[in-house]
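Taking it in order: structure first as structure tokens, then the write-up.
Think of it as A, B, C, D, E and F in the order they're written, each chain with its own count starting at 1.
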Amino acid sequence: MLLHLCTWEEVETYLKRSTGIIVPIGSTEQHGPNGLIGTDAICAEVFAKAVGAAADALVAPTINVGMAQHHMGFPGSMTLRPTTLIAVLRDTVQSLARHGFERVFFLNGHGGNVATVNVAFSEIYAETSLNPASSNGTGVRCTLRNWWDAPSARRLSRELFGSEEGSHATPSEVSVTYHTYPEAAKSVAELSPRVAPSGGFADAADYRRRYPDGRIGSNPALASAAHGKTIMDTVVPELVELYRGFVAA
Amino acid sequence: MLLHLCTWEEVETYLKRSTGIIVPIGSTEQHGPNGLIGTDAICAEVFAKAVGAAADALVAPTINVGMAQHHMGFPGSMTLRPTTLIAVLRDTVQSLARHGFERVFFLNGHGGNVATVNVAFSEIYAETSLNPASSNGTGVRCTLRNWWDAPSARRLSRELFGSEEGSHATPSEVSVTYHTYPEAAKSVAELSPRVAPSGGFADAADYRRRYPDGRIGSNPALASAAHGKTIMDTVVPELVELYRGFVAA
Amino acid sequence: MLLHLCTWEEVETYLKRSTGIIVPIGSTEQHGPNGLIGTDAICAEVFAKAVGAAADALVAPTINVGMAQHHMGFPGSMTLRPTTLIAVLRDTVQSLARHGFERVFFLNGHGGNVATVNVAFSEIYAETSLNPASSNGTGVRCTLRNWWDAPSARRLSRELFGSEEGSHATPSEVSVTYHTYPEAAKSVAELSPRVAPSGGFADAADYRRRYPDGRIGSNPALASAAHGKTIMDTVVPELVELYRGFVAA
Amino acid sequence: MLLHLCTWEEVETYLKRSTGIIVPIGSTEQHGPNGLIGTDAICAEVFAKAVGAAADALVAPTINVGMAQHHMGFPGSMTLRPTTLIAVLRDTVQSLARHGFERVFFLNGHGGNVATVNVAFSEIYAETSLNPASSNGTGVRCTLRNWWDAPSARRLSRELFGSEEGSHATPSEVSVTYHTYPEAAKSVAELSPRVAPSGGFADAADYRRRYPDGRIGSNPALASAAHGKTIMDTVVPELVELYRGFVAA
Amino acid sequence: MLLHLCTWEEVETYLKRSTGIIVPIGSTEQHGPNGLIGTDAICAEVFAKAVGAAADALVAPTINVGMAQHHMGFPGSMTLRPTTLIAVLRDTVQSLARHGFERVFFLNGHGGNVATVNVAFSEIYAETSLNPASSNGTGVRCTLRNWWDAPSARRLSRELFGSEEGSHATPSEVSVTYHTYPEAAKSVAELSPRVAPSGGFADAADYRRRYPDGRIGSNPALASAAHGKTIMDTVVPELVELYRGFVAA
Amino acid sequence: MLLHLCTWEEVETYLKRSTGIIVPIGSTEQHGPNGLIGTDAICAEVFAKAVGAAADALVAPTINVGMAQHHMGFPGSMTLRPTTLIAVLRDTVQSLARHGFERVFFLNGHGGNVATVNVAFSEIYAETSLNPASSNGTGVRCTLRNWWDAPSARRLSRELFGSEEGSHATPSEVSVTYHTYPEAAKSVAELSPRVAPSGGFADAADYRRRYPDGRIGSNPALASAAHGKTIMDTVVPELVELYRGFVAA
């Protein structure tokens, strides 16, 4: 069930049988020579829809722009400042808690969001932790899950791409987007270097200096829509279990 | 061109021929007994895609949640506080300006966003107005356009729905969403009252008291996918002209 | 009754018979070659005093500086950033609500304030909309009225100044200030051009480029203290009715 | 010269001969049984006007509402949160510095503003202190002067009111307001106790508990318009010297 | 008792006999040619420990960095923006109030903190002053005491250092740090000038221009560990009385 | 070298040979039945001092209070809201960068700080990433290192405490504090249960419900000053290498 395609009365009915909801959160940022700028948002959204369908869970609209300051050296990348994203997440959770949602499952498509999203949870919890009598103390619980951290996703990535998976613009995520939007798949010759360098980074200038075409440690030329389908078919059932466990806790 | 489906190199190429971009902004909020919660985001997105295709313009990802505090009395509605949305819009425009975008055209699907978006523009402009030497002074220009305010949209609404258009959960906007997602169209018997009451409102409790099923002044039972197609076919060309005029100014 | 000239015990007594209050809000910004920098604050204040006297309503002190980022290219203009003004308005309304005021009528003298003031109302309402049990939920209601938008003001402006009223540094507002402070009236020869150009604007540099002497669409050489008196005599009774209707609702 | 009554061209001319400006800052808060709620704003404004006239200095509009959280237990009192007032002062100073004002002299009518105004100066200075290359580094200098702290004001208060001056709702400040607005002077019988208790306070409830009629340490029954005239005639010349010294430094 | 060296069960026991706590607050900033950068934090901490020991009071960890924007022209100085420090103090007080602490005694080592700390108290109190029903209304009371403002400290400084005490990098405070960390005492020849100039300052550049070696009005060559011991032995008992009085009030 | 015990001229000299600095960051929060509330701040500080001494690196004062919202159910715990801590870290880094420090090495004692500190780095970097011409773009680089994550610390913990190390109030960290402050070591009988339960948590109430005596997964009765000495002797050299590598990069 997609929140966007429900009426409010349908949501009212849903809340009688479940207080869980899935919120996809992605990013809008460069993904190397053949990856889509929307890769992380697309992945978060397509996994969320599939998990929602399988688990009969409501899926909120996708947060399309995340924390991607380090990608700003590449045209088309967008970012929220971390403090802006924290405010967005606070308002998101308070909006949902207002209606009785008690388990908010953020399905994440972007590693760069992880710290900020967890900090936002702490910011939200801090209100009741500092002031237990607060009327904001709704008992809402939040969690964040990265689709690529599911054990099945890690296993599959090793099988399909071995040491060429890398950590940004990975063949796994690019494959999922090609499966989702086959018309947007980019044909790419051999990349040079075949596998991008690895390491850390600070701001956008530093990132671009280290990773001139945007990839980190990956060879996304291995991506294909077929691999994307395999990944989704394999990982979705595991995410469904994670969601069910979270809602039941 | 959808930013989400481009690579960064494709955006780099685009920027050589245009510095304009369209940003759809909607809302996630109740739209009466048969309207979708995502109505405003869906309309903003579908109009933006059509305008982008016709004008060969880049379209950024949709801002799905807007300012909808007054709808929070109905399950499923979500809102950003106005000051949160201002921060989101500031970061959005700064992200785009960073790459050389100079004309940011917000295509809006929600009346409740208008004041906040315009205030965000003032907040952005205030930096260079107060400090002309500021390195943030990029010369970026922003505009906001509501699809339903296009004269052709107003004309068509009068023709199709007369005095039953109203101002929230209108048959026009519901028709556009049914045309976009026909599988989500809701069948609805006669509404009671046929046309919802009209007027103002303050907070969410006040809104729900005045408008018990969520509509204001409208009879969305008149909505149909066919009307939605007519509206889009009629209004898109006018929005294309508005976009072209803005970019050329 | 002016709040500034009351004792607290007089306010306590007032609150037994009314919970309404008028807050004048203006701006401090250039008003063309012969308009006063305080035009908008002066107009808001003088109308508020007259309405307060006629309606036996309490009048709070004037908010003298508003949102005028676009005027900062002209010496003497002052502005609050929109987010600053939102905080001011939130504290203003919370201060008044603390004492039992339930109807806060902002009488506005500056078009550039409209969006920000309405956004501030939404920011205030959002607290109870997101959290109905909030102890901040006082039931206070706010409205904003521009004196020049009263139908009688529009009618009179057409009669007196026809197509030369314009939208900034108008003969109407300049007349009201000359009536209020005759000693500050400026003598001005024919302006050149007689009627200023019209249009939009972005930041302060853009505004000054388009409107070199500060006026938009107006010929304030038509202003006179006598016209100011006529305007006040005509418009005040209508504003009194608006105030009474708001307080009674 | 009052900024409110100038045109922008007159300000442009003024800036050629001086970069100093006076900003009156007051408060809107209870002043005991016979003191006006606007006492502090009225005093700041009337002293500022007199100093401006004598020193040929420009006077900005009055900041009418200050930091008065401790007075909120008495009807009609208004306050800005300290952080709101800091933002107002930052925008005020940046607005003035934008035009070339380099010496901003805050003439203060309210003891409760002192800490916050000085903190605002530090917040403003911190930008260039942390980042000397900042384009916000305008070299603007700010000072705060309380009219009652002028040695002549202290001397006169001792002569006129001896140990009954106190520290809130003092006969000195009430006298200045009665001189300014004789029509608003309140007749008051002997107060009980004749002299209010003295001491400290925390929040508004604590304040009202300690000082039930609002006064601290004072007997404002001694106030008169005639005393107000004496005070102004005596103190203004000293404030003029303070202003001149500040602008020359 | 040092909070840092207690278990939570020991704090639970303490709260049964007292709701008072001492919070040392200092600064990290230049203190002239022979003063330590940590002077203010060291003094606050060592006085707090001594007062805590003598009064059987709990001592929280030291706030080491305060408001020192004006010292940023000298290497090693650190500052929080005033608004940052206000947030730190708000969270500090709310954390303590959460556990039942009702009297928070800030023992201050830095004159530059005074305004900001008092403003933070007002910011905290403002919540209950504006909204008495607030669940944040804990009844907590805060006070700030500067160790050097104790009459015994002023008396001793006159005896020991006469007119060479000054106001920054004073021989008194330097002596206290030498007593505390004798291994860090710096040997210094005659300073030039012997006594530093006095006066005010604005931002960091202005400060460094006026006070090239960092001192204001002082001759810290007079400092010695022995004087430091005398100062502590003399002043601590007075601070103990101040603390006891505050907690009992 | 401790910044607190240097003069500004000594820092000036230091900066000629190194632009690196170590900032210890801890927390003030419950650490189970026999752990000190200051455990995390003590560990961060003592490791930082040892690393600074061995690497001839400057050590800034300790940030004693961190992000510990989840511990607020236990008396004596203190927390900064995450957004407050982000502001503190931004001001800290800007202060140091102002003087020419280019490598800021945060030595962390508290797992609960990790996400917030990394988010603060992103917030700092975002300014230059969004605005490369910004005068705030100092090229400063930050890193965070947890002492317990050093491979030698993990190895030693396994050897000394095996499966009873746990994740909060661990015998390792308690040992380090007992070694540092032997006088504060608490004698404790067998704990019950011997090893605390493990798992996650949300807000403070949830944490206390799951972990009634504050520990997670640990048996801190195994702690001893002697173990603390072993840990420090083993881990410091590795941290020195990490610091040197960071500064050289």
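Note that contacts are C-beta pairs under 8 Å (C-beta built on N, C-alpha and C of every residue); 3 or more make two chains touch, one makes a residue touch a chain.
Worth saying up front: this structure is predicted, and the values here are computed from it rather than measured.
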Report summary line: Contacts shared by chain B with chain F include exactly A, D
Report summary line: Per the touch definition, the chains contacting both chain A and chain D are B, C, E, F
Query raised in the report: By CA centroid distance, what chain is farthest from chain A?
Result: D
Requested in this report: Mind checking chain D against chain E and telling me if their interface is mostly the same residue numbers on each side, over half, or mostly different?
Outcome: same
Query raised in the report: Taking each chain's centre as the mean position of its Cα atoms, how many Å separate chain C from chain D?
Result: 24
Report task. Determine the centre-to-centre distance between chain A and chain C, using the mean Cα coordinates as centres, and give it in whole Å. Result -> 47
Query raised in the report: Once you find the CA centre of chain B and the CA centre of chain C, what distance in Å lies between them?
Result: 29
Report summary line: Multi-chain touching residues of chain B, meaning two or more other chains, are 72, 79, 81, 83, 91, 95, 98, 129-130, 132, 135
Report task. Would you please name all pairs of chains that touch? Result -> A-B, A-C, A-E, A-F, B-C, B-D, B-F, C-D, C-E, D-E, D-F, E-F
Requested in this report: In the complex, go through chain E and note every residue touching chain C.
Outcome: 129-135
Report task. Mind listing the chain C positions that touch chain B in their complex? Result -> 67, 69-70, 72-73, 79, 81-83, 86, 112, 114-116, 118-123, 125-126, 128-130, 132, 141-142, 202-206
Requested in this report: Quick one: which bits of chain B touch chain F in the complex? Just the residue numbers, please.
Outcome: 91, 94-95, 98, 135-136
**Report entry** chain A residues within the chain B interface of the complex
**Finding:** 2-12, 15, 28, 30-38, 41-42, 60-65, 72, 74-81, 83-84, 87-88, 90-92, 95-96, 98-100, 181, 184, 186, 214
